[in-house]
Amino acid sequence: MTLAPSPDVVERRPNRFLGILRALLREPIGCTALVILTTVLLLALLAPLITQYDPLFQDRRAVLKAPSLAHWFGTDDIGRDVFSRVLYGTRISLLVGLLVVTFTMIIGGMIGLISGYFGGWTDMIIQRIVEALDTLPSLVLSLFIAAMLGPSVRNVVIAVTLAQIPRFVRVVRSEMIKVRAQDFIAASRVIGASSLRIMLTHGVPNLIPTMLVMGSLSFGIAIMTEAALSFLGVGTPPPNPSLGTMLAQGTRFIGIASWLIVFPGLMLTISVLALNLIGDALRDVLDPRRR
Amino acid sequence: MSLAPVNTLSPAAQAGDDAPLLSVDGMAVRYGALEVCSDISLSVQRGRALALIGESGSGKSVTVLAITGLLGAGGAIDRGTVTLEGAEISRLSEKERRRRGLMGRKIGMIFQNPSRALDPVHTIGQQLNESLSLTGLTSREALRAKGTEWLRHVGLPDPEEALDRYPHQLSGGQRQRAMIAIALASEPELLIADEPTTALDVTIQAQVLTLIRRLQRELNLALVLVTHDFGVVAAMADDVAVMYAGQVVESGPVAQIIRDPRHPYTRALLSSIPTGLPGARIEALPGSVPSAAAMPTGCRFHPRCPLADAGCAQTEPAFQTASYGRLLRCLKAEEMTAHVR
Amino acid sequence: MSADPLFSLRNVSVRYPIRSGFFQRVTGHVGAVEDASFELKRGETLALVGESGCGKSTLGRAILRLEPIAGGSIDADGAKDRKALARKAQVVFQDPLGSLDPRWTVGSLIAEGLVVHGIARGAERDKQVHALLAQVELPPSTFHKFPHQLSGGQQQRVAIARALAMRPELIVLDEATSALDVSVQAQILNLLVDLQRDYGLTYLFISHDLTVVGQFADRVAVMYLGRIMELGSAADVLTAPQHPYTRALLASSLKVDPDARIEDVPLLTGDVPSPRNPPSGCRFRSRCPLATAPCATLTHRMTGSASREVAACIANGDT
Amino acid sequence: MLTFALRRAVLGVIVLMAVSVMLFVAIRFVPGDIVNQQLSEAGAVTPELLAQKRAEMGLDQPVLTQFAHWAAGVLHGDLGNSLWTGRPVSDQIRTAIVPTLQLSILAIAFGSVLGIGAGVAASLWIGTPGDVALRMASTVFLAVPQLWLGLLTLSGLAAIGYYIPLPYRPFTTEPWANVQQVIFPALALSLGVAAALSRLTRSAMLEVTGADFIRAARARGVTPGGIYVRHGLKNALIPVITLLGTQFGNLLSGTVIIERIFNIPGLGNLLFESVDNRDYPTIQAAVLTYGFITIVVNLLVDLSYGAVDPRIREARS
Amino acid sequence: MTRHFTPPTRAARFARSLLAGALLALPLAATAQETPQYGGLVRINVHADAPNFDPLASTEFAVHSRLGLALSQLVAWGTGPDIAYGEFVPTPSLAESWEISDDGLTYTFHLRHDVVWQDVAPVSGRGFTSADVVATYEAMRAGGVQGGLLSAVDTITAPDDYTVVLTLSSPNVVLLQNLAHQNMWILPTEAFDGGYDRNTTVIGTGPFILTGDEAGVATTYVRNPTYFGHDAAGNQLPYLDAVEITPIRDLNARIIAFRSGQIDIWFGPLNLTQMAQIQAQVPGLQDIQTISNTQTEMYLNPAFEPFSDIRVRQAINMAIDRMAMGEVIRGGGAVGGVVGPALSTQTLPDDERIALYGTPNPERARELLAEAGYPDGFTFQFTLLNYGEEMVREGEWIQQDLADIGITAEINIVDRAAGMALGREGNFEALYMVMSPFAEADEYLSTHYIPGAIRNYAGVDDPELTAMIEEQRTIGDPAARQAMLWDIQRYIAENVQTTLPGWASLLLHPAHARVHGWHPMMTQGFPSLREVWVSE
């Protein structure tokens, strides 16, 4: 393939990722964030090993039990283990977040790249569409799409992705415009590189730091939006244990069973916190001014 | 001059007192663990212009920021003294400096990039008033009148209107004129100009430099001019101090230094300036300025010096007067014979 | 220097639209370059000089097809498309760091042209890159470094190597040494002279520094507000300038001579007018010490011989 | 300046019209309609009655005809009548928008005071434990979902035996009850805004204080107070205003949740109920109102840029 | 009266003790019944705003419950200590008496002479006449949502100002109850000739005058001084000066409002656990419990292959442990029936209903599945109407019960409007929803099991069953009709089984101690409110 960059660029890519990771670990914030996120990830991924309870199993003799040794986070109103539900709920949250971020990055990144690189009419049209999506508060937009499509994990991903794309497009576009204005792009054009090649070999690599930072923040926002949609009854449908659904269920027992809202909320906050911190640390690590 | 006595000249100055207004002696500046300037010694008298010349990274800007007390966070004078009108000021807090009138009242400063040195959200008048108020003016009318006068004095067209203009509404040259007016409005005795024309085109540079020189003469100011351009030095300065890697390597009257440089660096610097003669090959100095984090041992210039020998890498030369009367920092100072250009 | 020109420009104009009002309609144009005509002869160095905003860089970019031209024509030695042009003309920009992609290694940066044009691949490509590094006097270890790990002078050498990789005939040097320290500038200028000698390169040397130009260029074109005011051999233009603007520019540039005090420099009044709203007639008249009323209606016209062309000027006897 | 802002606003309205077309078509794809809903509890309902009701509401016509009819009304300033209540939609919006605006304006006010104050304080105390504490607090609050904060506020208040008066009372009739009702949800909403603002204010202040013009002001003897307020804060306000604009969008999202938790009859609850009821004109109007608020906020942000920064004022005139 | 069963769980024992407390409290309140006092304000919560006040436009509870304070029917539900909660005893209201012809086809109503409309423009205290009744009923027949309740009626005439005659095309014993239905409010003629806007104005003959309605805030009423009702001692009713109905959607907010005394009478679902919390904090709380006149129902669509086999439907019925579900999720109530358990005289007797629907038998269910050819079970889409968290919880409960016999239910949550649409289109495999508050067995039967009927989502078309349903309407003798109704229900349980009854939940109606004379009623409109008084 003629588009392949010269060999030493290829061989350096994995190094760069490891380099970022190493740089993150050197930062106190990045290190903290990675530790928290890894813990959250492990808790979610290894849920079946950590808890013996099926998150869906209703122990009808143990309804609304306060936290105890048997049920660390207590049980809900039909006797399901809250600890197990929180772990599995985190799985769903992280899955939704991951899918949203992946799609947002790919779709939003591509649109932003094209919009920013070509400018002119293409940009005009894309900008108008983005503005149209952006006129509505993102939750209202997600809410509307989710309500229209009906509650399911897939639809939540669609709804949240659509609501996240405008922000992503805007940032990638303006970053691309900045990159495009740089002399190295002009130099590449003078060398005869095609627009596609320039976008892929100069545009994309220079956007990656921005995309990574945006991505980690979007991840957090996606998790929060998923919870909000589930709370409002248009998100992840029961019986799946989503953190938002759990909060919605818990509201009926405020003042009676506070564990139903404390633990899912705490997990939600910790996950978002870790992702935000990673975003902060990435911003620092990838800041060209600091190199 | 049209301006009523802006600066009451001290009797000493009028008498042509040779005592320097500002003298810096063995000053070292440190940012955190990094020593960016070492052993700087300078002096300038009223009515005279001292040029500080050096390439980027030579520490010339840090030197003047240290003198004015404007070192950023983490920056401090580590050793040596700075004396203004006989008073040691190098260790004063900013508050104390303000109380003693060092900020603005005694020392005025012009910055390299007038677009950045003027606050974009305030009018020229508002920024000028900050300086004027130091002179005790308070009433709105008086401030306005004086402000207009200053802007006229620096040659801004429509000075009255210019007071209400925002910086971005002026051209680069006008902005620098406004900056000069603001720096001088507090009637300082020492004017420090840090690369005042680097951001300007040649025709505008000539205008601004002429203005600075004229005002300096009229107001009998001591001027410290930071530049990287020997052309500016030749046109403006009485004395010159050449800096390299955070040290002054040679200083003296401008004609002497340009015509008969003794320090190898000064020589190399002067000879790498294009002469404008068609086809002539330039004698290029190899290598580049070392960074503060990786200073060479011994003489800091020795890795690039054509005359360096093993001793230069070990012994740090002192800044001292050579037998022929020139102040320079070179272990081979005595070997440096006249070399008139 | 052969007789047939490498590039020739005929009445080239570059304009930017001005949009304003509620509907952002195009209400006018800024003429960044107006009516520029000259030829680039093979092997020569032609300097474009002038103050910032005079259009010299824009003209350079237009030759490289980085800016669309609004009028006139550029004959690029028969090169029709960008790929063909790339083998004819290359560029070195002012900001050495900004013109090198920070995420690419020096080796891949220099090789980009070779990849794009399929000139060499694999080991052959690396060999050529190393040869180029040697040509610009950079150590082989530079190959794997990133631009920010190099000094400004080294970065500019990489940019030159990158341009050289295409074996071009013309290199546009867009203020290529302005951002460098004097000592480094001298190194780069010397390198450029050597390269020109070795490869018979043609340079379009865009600069605001008349001293550098005097030493470096064969011919000089002086631009003001988008127009060429004077064009001729460096010796003629810089020692016997005919246009008042050239004279003013020369007088303003400071010499390293302790006897040439600032007080003796004749001053131009005022600032460069906005190119959105240039003076009528002779564009220089608003600052010209010799301007008279008829200058306001003077048409821009280049007169003179093949070796020296000067914009119409009443002070020169043009009417 | 005004032209610029108006141009953006007009563009916004055009965009909003496009949104409304999509909306109009889209909501009709959701299964179920108002007639089902209205007759949900009737035992003896005949299919003929359902058809008759649909015809009365014009729901039997093609979607495009319905849209043309609705759009013609909107252009004349008539949002139509709610299918659910039969009352003018504009009345419902006018009632519902009050608590929503009240919440978001209060929240943005609290958030600005807290956030800008904390940001300035942190930039003044940079490097001290105070700065670290403020930064940590803002990082944490940025991660706490408004949803959870709302629920915690509610249960916290219940735990200390404080009960927010219910149901909602308008400020005009019962100011004290109203204040008690909106103050806690507004606070819960504002913490996220405050966190975001304090982070930005801090970095903007630090960036500005490193600027040449601050150095120049110091050089001419301006006191730290003068520098911070006149030169620092005023310049730092520009990014802060941008953020305030985007935060307002987040706040509007937040009100949807908070209204639900605190039982406040705002726009979010109206939207919810009308979606439940398939009350098309009200859904459309509620969504458009959100869009309209966004446009107005953007307009205000644009105008306030101009007020703060003369360069922008000029570039846009 | 609430009926209950022997609960096997601790939660149920807890419920029983609560109930005992409530039963004790009631007589106490009754003995303390000195002389009722005039004056005071009572606040009741409901779950939603009234969309509008046009009784002809919707069947919404939120509308009709509010209208009931201001409007009256021709015939009303009798109330009192002798009448069971779900039992309909026709009682005079605007009609002081009536006669039914022997063939059951002509109903003659004699109206009260002393009724005047509330003094609200444009009716402004005019006297009530038969023209108002005729106008109302005709309008209902022409396009009111309650038109179906008059479908048996052929002509409506008014021989004089105080007589109304209805003739039927065929006998219908349910007519009187239909006229007493919560949607059958009589409006003045002005409501139909453009005199005022029914959406916004309420003018009636009821005990309270509606004075204001602010969405999300309150609907306010004041005493109607010209109300025709009097108490047993001949005192003018009502006692209260004012009533406020406040909409609080969120359960938790409602609890807070009630606990803090911002609401006097609770209306709406309440969990026993939550009730216990409230009781601990509110002294002297009156706790009145009833069984909801709605129930959850699970529709099985025979168009979906496995559900076409009645054995599969029976298996599903046997798999669900409704009793425990009701206990855990609803905190009490009664197992549902073909006719809801609230209709105490019409539904099957408790033990029979429990035998049919409250006795899970997973082993038998598995056998039935195997017989039907599904030994390994199957998977179906379980469409669940989101009608509150408890509904969802019941769905999850059933999911686990079905999983026990090898059937996988994939829950698909839809909102109410979507769910009803899917039901009507027959676009579902299994649908779980909550039934309308029916007050008469005929409503259950004719909506669910007659071909083309509105709730016949499962497409039941059984001529024998249709004939039985039509026949029961003509049986005048209550005992004979009851036997017929029971037979129909047994027939359906055995032969049809496309609509599996779920659970009718326990309704808790707590009221603060200051409220006296409060009796919750199955019909909407808070009819006992006219006799409520408050002590301060």
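A, B, C, D and E label the chains in the order they appear, each numbered from 1.
The rule is simple: a residue touches a chain if its C-beta (ideal position, glycine included) is under 8 Å from a C-beta of that chain, and two chains touch if they have at least 3 such contacts.
Because the structure is a prediction, the values reported are computed rather than measured.
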(message) Strictly by the touch rule at the top, which chains does chain A share as contacts with chain B?
(response) C, D
(request) Could you let me know which interface, A-C or A-E, is made of more C-beta pairs in contact? (result) A-C
(request) Would you identify the chain whose Cα-based centre sits farthest away from the centre of chain B? (result) E
(request) Find the geometric centre of each of chain A and chain D from their Cα atoms only, then give the gap between the two centres in Å, rounded to an integer. (result) 23
(message) Measuring centre to centre with CA averages, how many angstrom lie between chain B and chain C?
(response) 32
(message) So the centre of each chain is just the mean of its C-alpha atoms; given that, what is the distance between chain C and chain E in Å?
(response) 89
(message) From the mean C-alpha coordinate of chain C to that of chain D, what's the distance rounded to whole Å?
(response) 53
(message) Could you pull out the residues of chain D that touch at least 2 other chains?
(response) 30, 154, 158, 260-261, 275
(request) Can you tell me which residues of chain C touch two or more of the remaining chains? (result) none
(request) Would you mind listing the residues of chain E that make contact with two or more other chains? (result) 250, 252, 414-415, 418
(request) Sort out for me which residues of chain A touch chain C in the complex. (result) 2, 4-6, 8-9, 12, 182-184, 186-194, 197, 201-202, 205-206, 288, 291
(message) For the complex, give me every residue of chain B touching chain C.
(response) 55-56, 157, 171-174, 201-207, 209-210, 213, 228-236, 254-255, 258-259, 268-270, 272-286, 288-289
(request) Under the touch definition given earlier, write down the residues of chain C that touch chain A in their complex. (result) 61, 64, 66, 82-83, 85-87, 89-91, 93-95, 98-105, 107-108, 111-113, 115-118, 125, 143-144, 148, 159, 162, 166
(request) Name, in rising order, each residue of chain E that touches chain A in their complex. (result) 9, 11, 250-252, 255, 271, 273-274, 277, 324, 328-329, 386, 389, 392-393, 395-397, 399-400, 411-415, 418
(request) Going by the contact rule at the top, pick out the chain D residues touching chain A in the complex. (result) 11-12, 15-16, 18-19, 23, 26-27, 29-30, 139-140, 142-148, 151-152, 154-155, 158-159, 249-250, 252-254, 256-257, 260-261, 268, 271-272, 275, 287, 290-291, 294-295
